[in-house]
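Have a look at the structure that comes next, please.
To keep things simple, chains are lettered A, B, C and D as they appear, and every chain counts its residues starting from 1.
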Amino acid sequence: MNPVNYLYLAALLFTIGAAGVLIRRNAIVIFMCVELMLNACNLAFVTFARLHGNLDGQIIAFFTMVVAAAEVVVGLAIIVTIFRSRHSASVDDAGLLKL
Amino acid sequence: MAFPLLTLTAAVPALGAVATAAVPAGRRTAAKWLALAFSLATLALAAVQLVRFDPDAKGPFQLTESHAWIADFGVRYELGVDGIAVVLIALAALLIPFIMLAGWHDADPQESGSSRWRPTQGFFALILMVEAMVVISFEATDVFLFYIFFEAMLIPMYFLIGGFGDGAAGQGDAGAAAQRSYAAVKFLLYNLVGGLIMLAAVIGLYAVTADQLGTGTFSLQEIVQARAAGKLDIATTTERALFLGFFFAFAVKAPLWPLHTWLPNAMGEATAPVAVLITAVVDKVGTFAMLRFCLQLFPEASKWATPVIVVLALISILYGALLAVGQRDIKRLVAYASISHFGFIVLGIFAMTSQGQSGATLYMVNHGVSTAALMLVAGFLISRRGSRLIADYGGVQKVAPVLAGTFLVGGLATLSLPGLAPFVSEFLVLVGTFSRYPAAGIVATLGIVLAALYVLVLYQRTMTGPVKEEVRGMPDLRARELAVVAPLIALLLFLGVYPKPVTEILDPAVRHTMSQVHQADPKPDVNDVEAAK
Amino acid sequence: MENLIGLLVLAPLLGAGVLLCGGRRLDRSGPWLGTLLAAVSFALGVVLFADMLGKGGEERALDVTVFPWVPVGGFRADVGFHLDQLSMTFVLLITGVGSLIHLYSVGYMAHDERKRRFFGYLNLFLAAMLLLVLADNYLLLYVGWEGVGLASYLLIGFWQHKPSAATAAKKAFLVNRVGDMGLSIAIMLLFTTFGTFAFDPVLQRATDAGEGKLTAVALMLLLAACGKSAQVPLQSWLGDAMEGPTPVSALIHAATMVTAGVYLITRSGAVFDAAPDAQTAVVTVGAVTLLFGAIVGCAKDDIKKALAGSTMSQIGYMILAAGLGPVGYVFAIMHLVTHGFFKAGLFLGAGSVMHGMNDEVDMRRYGGLRRYMPVTFVTFGLGYLAIIGFPGLSGFFSKDKIIEAAFAKGGAEGWILGGAALLGAAITAYYMTRVMLLTFFGEKRWQPDAKGELPHPHESPRTMTIPMVVLAFGSVFAGGLFSINDTFLKWLEPVTGHEEGHSPVSALTVTAATMVVLVIGVAIAWAQYGRRPVPVTAPRGSLLTRAARRDLLQDDFNHVVLVRGGEHLTRSLVYVDHTLVDGVVNGTAASVGGLSGRMRKLQNGYARSYAVSMFGGAAVLIAATLLMRAV
Amino acid sequence: MSHAASVHSLWTMSADAPQKIPAPHIEYAQLSPTLIVLGAAVLGILVEAFLPRRSRHPVQLLLTCVALAAAFAAVVALAAGGYGTGKAHAAAMGAVAVDGPALFLQGTILLVSLVAVFTFAERRLDPAAHGRPVDSFAAQGAAVPGGRAEQDAVRAGFTTTEVFPLLLFAVGGMLVFPAADDLLTLFVALEVFSLPLYVLCALARRKRLLSQESAVKYFLLGAFSSAFLLFGVALLYGYAGTVTYSGIADVVGGNVRMLDPVLAGTTGNDALLLIGGALVLMGLLFKVGAVPFHMWTPDVYQGAPTPVTGFMAAATKVAGFGALLRLLYVVLPGLRWDWRPVMWGVAIVTMLVGAIVAVTQTDVKRLLAYSSIAHAGFILAGVVATSPDGVSSVLFYLGAYSFVTLGAFSVVTLVRDAGGEATHLSKWAGLGRRSPLTAATFAVFLLAFAGIPLTSGFAGKFAVFKAAAQGGAGPLVIVGVVSSAIAAFFYVRVIVLMFFSEPKEDGPTVAVPSPLTSSAIAIGVAVTLVLGVAPQYFLDLAGQAGVFVR
């Protein structure tokens, strides 16, 4: 099967993730969409690694996962704090800072 | 390495500013005297310059200093004076002490505010700061160096205008403050915009020189020589664009119609001494820069732009005069009168005749002195009655004859009465203009009628007629005030009767400028007697 | 000798300086000091005169260059004096009459607390006037020219607390400025044409320049003359100038300053001779003014205004004569001198009358004063006879000559001018007789003044009468002296040149005609004011009379066109400046602010909308990059 | 079929790859600045873990300062050692470049952070009711605002000393960011300095809701953008088959030794390159706050604790622009004609939007945020000059700008009222009367922002515009001038407010800071004036540092 299709899949996932970020209100969900985008990138990486026949892509994928994990830690921490103080995880409620 | 006289002349007032600002709040009077002392020291240095300056020496600039400064920008710390600069420096240095004396009590804090707030120190320090920057921008022969101080000057001026009012704005204190800061902001923004447009031109100039000479330079002489040697050849359109960039800034400063509207506000709201500082000292930098930079850097473009500029100058002359007639506010009236006079100066500069340019340069000096005289007396008047409105006065000459007399002399100088200094310069400008553009000359002559109109109307409404109630019991000029006005009037008379000492210094510089622009005076139709015989 | 010329000017200038800056301590001595200095310069004048008489006709001129004034490039103006017969004549007239009037003023202004300043101004005037007539180039002349303008401004407005006075002063200065504009343009033209504006080179080489240029110069000079000498169309200020103290009217607005225009034209004779069209303009102005002034003079009830009208008209004669070229110059100056005597005398007389009538000026409230102030009456009477040209008195000789010269112009022009001059003579006789009758004859028509007390006229003090007497002598004999074997003509000829006019009518006929019209004029006046009693309040009068009372509506014209129009112009300009010029800038500022306000709304605080903008931005970025590659 | 075969051959080929991987060789000395900082950060964590609460603050402060100073010393040493010029090369197997720009930027970042630490450590601003001096960070980040836990924490006088290690981690990332010589390092560095910043934003002591909100926004948008960046990296990798800058540059430049069929296939497809490049660019533009990726800036700047804002505004910009420069000058010079017009556009809108929107701002911190956007635009003008002059001008501008910003925000921390910092402009009315000195210093910073001569702002602006003009970007200069004019308007407005309007009764008080903040401000003023009056030396530095290693 042509590996290029994996690229299309990656692009698709990435777009879905991005769309999710734009559409969803809940901070957690938005964050998950971001994760989805990162994983789309991972897929692209490994595919290209496969195409080019070098391991860089696959290694990068690992790095990405680690970074994503780190992001989760920080992100969830922040989201939880604001949830506790606002009793809502909707990003649209957080609108004090504007103009 | 010669003695850095020019640097010193600029440094002394700068130091004075710092010293004055550092005087503790309690010692107000000490600060005043300190500032005055520094300004007098500067005056002395300016006098030394005049003495050391040799009108007949070769070369455009004298007392030159030159040090590396910002190589990356092609900027050198280059100072030098020609006849025009040295005279204008003397003028500035001469006026500052009078300005200080006149404003001796202007900055005394009404209420004893927090101990850290020291308006008086600030006032005098700022004046000295302005003086320092004006002096160095007269001395700078490096475009960038000039530009820096041309711009930096705005800040202290801005604080002087906005920070200290004559408390005669008509409405309440808050309203006055609002008007003041409006005027200050207007002043700053107009000049900043002008300066920024000039900045674009300055950068363009650098790009051109860097492109053609290998290393970019801002040295006036280098550029002029390079052009003369054909090493530097600026494309016509580029030269015009650059010229416009420079001219715009100077036209705002000068101020030339239609970029003038900041001046009436600024002069109206500022205290009289500061108003004098604006129009008699700071604005001169604009017209001076037209002569030194516009004409010498971009001779061709200058010639190209001349018709338009002459028209603008004419408009300024008539428009300023007519608006002066229409004013209700003494200081605004003087401001518009100044606009009219600046029209004459610009006209003289761009008439491109030796009479015109000598007249214009002489005009800068005379206008400085005459406006100072008129405006300062007006300030004394206003400080007595607490109002700027002409309608609030009447019959002053009955109660305060000396004040009225000096006011009249100042006014007569403003309408350039023969025998007083401005007449000579104005007539030179007119002749110079007439000999190249007769029509323009005649139109400009209308200005002298209008000048008579606004001055005499002002004098009649304020000084003559039955004595108004509020005016009754108004004290006549005090010793300090007389000490300010008398010398100025004496100077007006002297320069009116015997301007030779000044013109002798100015002439070579003017001739040099003329040669830079490749312009010769038009010849008279009937050649002189010898040739006839 | 040369240095004396400088002193001549310097003495009164010094006086002015001392008196104006001297302060209160000079209040008492001031008047005498001023008078003394005037006398000094008169003495100097006499000395120079004597010296000049000692020389032959040609080498009488003295030239002194005191110091270079404005040396700039090709442009050089010197402070230099040129004393020839012409200027000598003026020097004597100015300093002579001037000293007398100083003396007169000592009495007249005795009760004014600001008399020190008054004498300061008078001295200033003398200095400026002397500078005017002694200058050896046009620019320096211009200085004197405006100097006398300033002095007249200060003196007309001397009683500044009276708004009318202040206004009159301002008006005088402004109208003069219009004339001065002409002078300065003339100077510019001279400079561009000859490369100089000193008398000698210009006048010697006048003919080298094109006639067009010369005509332009001449017309500009004429404009200047009109301003200073109150000729139509710039005459409107003279009437109002009577607001000034009477000695001022006598000295400045009768004897000396107002004649400066005549001096200017005579001095620039060479230019005018080379520009016939300009000369036509000059004579026209002269003729019109002499009639205009005369008519105005007939209608005025204010004694000084009546005399002012007469001054206008007399100067009209001089201008007319000067316009005739070499034929007329001498007579113009001669009439100028005689007029200086009798008109000054008349004004002093008027002043003396007002002095006695608590400053009443309306002649209809005078009457029968000859018994109360005999000296005034006699001197005034002599002046009267002189001005109407009574045979044997000064006016007779000078005016007669001018009328002849006018006819001598020849052709229709000659007839018109001559006719105008004759008519003028008739009207002069009429209005002067009127003045005479209203003032000194008839029954008393005195009215209580503002304070409600009736005037009790009395003769004026010695200081005032002496000058009047002296001037009366002048007005009686001057003309005769001048005319005996053409002394005056011979005296001036080297400067102005002279040629006999060939009149179509013989001199005798002219004289006869003059006599006739004179009698007619006097007769009519007698018929109107001599025989029947004069109403205290002026009758409505004919249309012409009413117009004449208002200076033939000239002022109304000025008011409507210039003043109102000017006010509207300035007001609209102020509006424009505020709304348009300023508005544009403020408008841009405001629009930026508005834009900012709208763009601010995009920052709506919703994280997701920020994300949208990022996403869109990314899309644009990509699209743009691809596009760049595509093109 | 043949395709499948090639794929198979690839598979087999890479099967026996592992033993071919060489052991990495790391030049620790040359990476020492980063290592020192990160090491200190780790130490800091241990301090938090083991030292009693009382002694943490001084220790942390000391540790951080020492670490930063030492790192700076290391940078200077490296520069002196010629790594900035002659010996410049890519260290750590081409992962991190050690060259002029890198060292210059690292030096700047370290100095800025050092000054920022002073403001972090300031404890005299909030005269606390319970007698213990407190800094501007939350007593307990996790506690609910106004909740029981927080009150206890406040009463107990807790302070979040973790901010120091966090700062150090961020600095560590920033040090690597502009030096990163392959896209992976770039990405990792980005995250390393972003994540601590997210946390720091959430830690304000006052106005905690705003603070947390800003953190959330920053975090979500940051993550979002980094995802884009990562995808861009992926595409570039796909295009070039490598992520090292030099490698990609070679491929773009078309000078690769052996061109295997697959590479030929992908390199043939420019879309990968262009889109990838664009996405990476976007990631960086987000960090420097360029329009249209700027919208997080005002909110985050306003919400975050002011010391953090100052640190972000200064250091992040430096790091971000450093990375941007390297990317554009090393990786994509071959594509200059593609990205230059785009960057032109970005620069123009950034300058204009920043300046225009700032005009109507009413909050000092937001105002400064927008002004920082406008300045990003100015710097971009220098970036697109694509000449060594351009690089050095940008470096100079960054140095000048970061100190001005830091100083300005430090002043903001001083003006306080009951609710903490009084950032609303109306509160600043008449400040010049109350405390002339503070107002004057702030005025100096504003004037520097406005680019008035004799301040560093002018020198920097002139440098970038000059470079742009010489690079043939005249129109950019015009736009820059126009937007500076607009910008001048609102800077002046603040000055008017401070000096010419009457002070209000309920106006804020100006806290008297400890030497820490004072010195931070003093340094800011000094640098502003020195760089304004005698910039030549620093211009030389930047000039020498103007060349990237490849």
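In this section, contacts are C-beta pairs under 8 Å (C-beta built on N, C-alpha and C of every residue); 3 or more make two chains touch, one makes a residue touch a chain.
Given the structure is predicted, the values throughout are model-derived calculations rather than measurements.
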Report summary line: When B-D and A-C are ranked by contacting C-beta pairs, first place goes to B-D
Requested in this report: Averaging each chain's C-alpha atoms to get its centre, pick out the one most distant from chain B.
Outcome: A
Query raised in the report: Which chain would you call central, comparing Cα centres to the global Cα centre?
Result: B
Report summary line: When centres are defined as mean Cα positions, the distance from chain B to chain D in whole Å is 45
Query raised in the report: Centre to centre, by mean C-alpha position, how many angstrom separate chain A and chain C?
Result: 97
Requested in this report: Mind checking the centre-to-centre distance between chain A and chain D? Centres are C-alpha means, answer in whole Å.
Outcome: 23
**Report entry** Inter-centroid spacing, chain B versus chain A (mean Cα positions, whole Å)
**Finding:** 65
Requested in this report: Identify all positions of chain C at which a residue touches two or more other chains, and write them in rising order.
Outcome: 589, 600, 603, 605, 607, 611
**Report entry** Residues of chain B engaged with two or more neighbouring chains
**Finding:** 189
Report task. Two or more other chains in contact with one residue: find those residues in chain D. Result -> 216-217, 220, 224, 228, 298-299, 489
**Report entry** Chains touching one another, given as label pairs in label order
**Finding:** A-C, A-D, B-C, B-D, C-D
Report task. Give every residue of chain D touching chain C within the complex, in rising order. Result -> 216-217, 220-221, 224-225, 228, 270-271, 274-275, 277-279, 281-282, 286, 291-293, 295-296, 298-299, 337-339, 341-342, 345-346, 353, 356-361, 486, 489
Report summary line: chain C contacts chain D in the complex at 589, 592-593, 595-597, 599-600, 602-603, 605, 607, 609-611, 613-614, 616-618, 620-622, 624-626, 628-629
Query raised in the report: Once bound in the complex, which stretches of chain B touch chain D?
Result: 68-73, 113-114, 116-118, 147-149, 151-152, 154-155, 158-159, 162-163, 174, 177, 180-181, 184-185, 188-189, 192-193, 196-197, 199-200, 203-204, 206-207, 210-211, 216
Report summary line: Residue positions on chain D within touch of chain B in the complex are 392, 433-437, 447, 450, 452-454, 458-459, 462-463, 465-466, 469-470, 474, 477-478, 481-482, 484-485, 488-489, 492-493, 496, 499-502, 534-536, 539-540, 543
Query - chain A partner contacts - residues on chain C that touch it in the complex - result: 600-601, 603-608, 611-612, 615
